[in-house]
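Here is the structure we will look at, set down as structure tokens.
Chains here go by letter, A, B and C, matching the order in which they are written, and residues are numbered from 1 within each.
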Amino acid sequence: MSYTYARNCWYVAGWTHDLKSDRPLAVSILGEPIVLYRTASGRVAALEDRCVHRLAPLSLGRCEGERLRCMNHGLLYEADGRVVEIPGQERIPPHACVRGYAVVERHGWVWVWMGEAVQADPALIPAAVGLDDPGWVLGHGQLDYAAEARLICDNLCDFSHLSYVHANSFGASENWARTRPQVIALERGVRFQRWLPGEQRMRLRGQGVGDVWSSYDFVLPGILLMSSGAYPEGTAAACGGNAPPPELKEQATGVTFTSQAVTPLTDRTSRYFFSWGPRRGQGDETLRDALMQVAFQAFGEDRTIIEAQQRVIDATPEPQILPTSADRGVTMFNNIVRKLARLEAGAASPVSESRAMS
Amino acid sequence: MSYTYARNCWYVAGWTHDLKSDRPLAVSILGEPIVLYRTASGRVAALEDRCVHRLAPLSLGRCEGERLRCMNHGLLYEADGRVVEIPGQERIPPHACVRGYAVVERHGWVWVWMGEAVQADPALIPAAVGLDDPGWVLGHGQLDYAAEARLICDNLCDFSHLSYVHANSFGASENWARTRPQVIALERGVRFQRWLPGEQRMRLRGQGVGDVWSSYDFVLPGILLMSSGAYPEGTAAACGGNAPPPELKEQATGVTFTSQAVTPLTDRTSRYFFSWGPRRGQGDETLRDALMQVAFQAFGEDRTIIEAQQRVIDATPEPQILPTSADRGVTMFNNIVRKLARLEAGAASPVSESRAMS
Amino acid sequence: MSYTYARNCWYVAGWTHDLKSDRPLAVSILGEPIVLYRTASGRVAALEDRCVHRLAPLSLGRCEGERLRCMNHGLLYEADGRVVEIPGQERIPPHACVRGYAVVERHGWVWVWMGEAVQADPALIPAAVGLDDPGWVLGHGQLDYAAEARLICDNLCDFSHLSYVHANSFGASENWARTRPQVIALERGVRFQRWLPGEQRMRLRGQGVGDVWSSYDFVLPGILLMSSGAYPEGTAAACGGNAPPPELKEQATGVTFTSQAVTPLTDRTSRYFFSWGPRRGQGDETLRDALMQVAFQAFGEDRTIIEAQQRVIDATPEPQILPTSADRGVTMFNNIVRKLARLEAGAASPVSESRAMS
């Protein structure tokens, strides 16, 4: 990977409903080939997708109970990555094993920890909303990008692009670009929030008339969690531009929630997972489908400009950006990534790190 | 670019009729991404196609009067490349600008000067014939090559290929290969001329019976300007193989003119622009269309062999050519390119050049 | 080529019936572009597919009697590679020649010797069975791989893959993987043979009931020659697991023969040629077609896993294999290749070799 990503994070590898038993699934995260499979007992295993024998992908293999058999010459793997059988051979070399990844199913997604499995902490899984959550009526989709993940993350940390990239789909006004949101540091991410008085609102159906409060967290490794809802006109002014107090929150109408995840597949390819829809009782399947139609148009607009941006970057000898004041959140998030990556590198090679710091 | 091209030249970037207002046009010349756009007042601007902010292509932008707005985060560019607005930010850094290119519309083509804009001299634009020239009935077309431009230029400087590459389309006899044209040095190119007595003429309609005088200039950076016409039989002999005298030129019949331009897009891709047709009064739209049909067949034959040649070159560790006596004009033209490129490099880095020459 | 192949071998370049007169055929072997053509007198010539003049491929050329003319600027080549005509030029430089390859048509294939032509020894052409051999009823086909040839050779030297890769097509039992064949060193290859008692046999039609004796040679540079046939039940036991004695061989029923050839086209592409069918009198065209149907399915299965294996290898920084006891034949064959390649390198550069050996 030419860009440095943090490893001690949970990356979204796919939708839990796409992982059938008897059907290993090949994914690539941070350029590492990974096979996911559901064992006979129903749990998910994630292994390095590369047989120790002759490097055939285990994702072309066969699920056998809790195990996975390579269908090249039959080596059988335990769910932790150890080879437990070599057909026609008694002895199994002790180093015959592939890497096993910590993996958790939660909120409708399969999350893979790319750091050392022993350090995997499920408490760090972001609070996405699953497709089966009874509180929401959610649609979902995914898009593959011919671009590095960080460009998609940058884009999600600066919504001033809405005024231009999404002028057609969302019909966002130029106020998105001409004003700045509140940007708040979180431990593993950044919070962006702002009021959208009536005239600034986007061409979205279902939100009641009034001022819209929009707030989202963008957290490691590239997860966006956003809710927005409408309040009576004048609420924005009454709150002095700050977040509505908890007792007001119950009164919001037209509330929607979207969970989004950016996963670096390889150096120059990424997968973008997303769900979106209204709070149950404040919107139905018809509204959900209308929102998803807008979402697919808008996320296609993002992809068009980001893939074009990637091509320009790749054709530029020493690409350099010129940040604007709209980049504050982008910079904050990238610093969090960089700091964690540096910590990880230091933990992995303490000597060279201490030398660099002396 | 792995091959050295001259920069202080006018390269054809496109047809003027393809440059609509409100529709920026992306081109690449010498590997540099360039956006062309027509301003509200009707003139053409050419800028580096790479926003200073995050490198999105300006060719996805929006024309606003004389200016161009990047549709990523809204930076607004003056036609000379300066950023004049960053939405939501007062201060504009003084170095916020992209490169502006000198650009001229003439003879139906948009010409871009790839050297320093201050050195751009419109007098150096070759005398192509525009599609709207009332003296000619012209068809036109263009072809993209997966090959470097210099191979196309080499091909256009040695018409001995007509006997073999175009045996089918033009029906050219082997005399094209077995005899040599007059090759005359010009200041910025090479002139090729020859008589084609009756039996050597190509399978082209519209030229009167007789001896055909064919003459073309191939000038920097890769522009071919050719006219041919028929004279009474015996004229070639009467002229002793030399050009027909000016007073005779009025008597030529079946006269056609073709303008052609080779533009290096990237290291291994090129664009070939061409027009062709009879002198008005000596041929009509039917003849023009017949000529264009032959031209498309012939230029497709060129592309087939040149792209194949490129693939062989790229698969050869240290490719070397073995010039023949037919390569005289090729060598002359390449020396002109090399000399100008060397001059440019010297002007750009006087110290290293003077060291190299001591 | 990133992997080292032996050059002093006959590589299969194509089927003799695909080489029409008047139609030069472009092939690539070991990354070298080669043009094959059939001369007016009916013999086959093989030349470097790269004109000395400007490197256009001669495979776009025109057959003229025993010679081949480049259709770029008309250079004419003798069948040994010498330029014998440059149109419009008297003098032909003495070094104007391309490499000529030793080439032989035999057993229905065109074989090209990739070493020095003077060392080419037709006695080293493996004993494949040609499509026109009256003793057999053969079908044939070929497949292109996006993978290096050695991976295909490795696969053909270890039939334990039959139990897994071909579980569907051949319906091979796990006994192929759980037992090991006899592996016998040959001078330029390896012999693999084994008995398949009734219960181990594959889902193939046409073999009589009983024990099947399967034996194949895999010889330089990557040629597989295999025959199998059925004997009365109990024969395997009576032979003590060894080859059936010559006097028994006449009694075999359901005998089939397959010839297969693996040719490295480039570093990462290969061509796989194959024929298969019953001994005449022991099977007819219907059986042949049934066998070919299974073969196409099976060889497609091989390609799927080998191309996937190649992609994993290419994405792995320092790929390493972990051989099993099933790899004995693979290792033997690769050692033969390596030894011959080393000999060739030594012959080519005696000084450095003798230094390495001191």
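Note that in this section a contact is a pair of C-beta atoms (placed from the backbone, for glycine too) under 8 Å apart; a residue touches a chain by one contact, two chains touch by 3 or more.
As the structure is a computational prediction, the values presented were derived from the model and not from experiment.
Among the remaining chains, those touching chain A as well as chain C are B.
Two copies of one chain, chain A and chain B, touch each other, and the residues they use overlap weakly: the shared fraction of interface numbers falls below half. If you average the Cα atoms of chain A and of chain B, the two centres end up 48 Å apart.
Among the residues of chain B, none is in touch with two or more other chains.
Listed in rising order, the residues of chain A touching chain C in the complex are 31, 33, 49-50, 52-57, 60, 62, 69-75, 86-89, 93, 95-96. Against chain C, in their complex, chain B makes its touches with residues 154, 158, 160-161, 163-165, 167, 174, 177-180, 304-305, 308-309, 311-313, 315-316, 319, 321-326.
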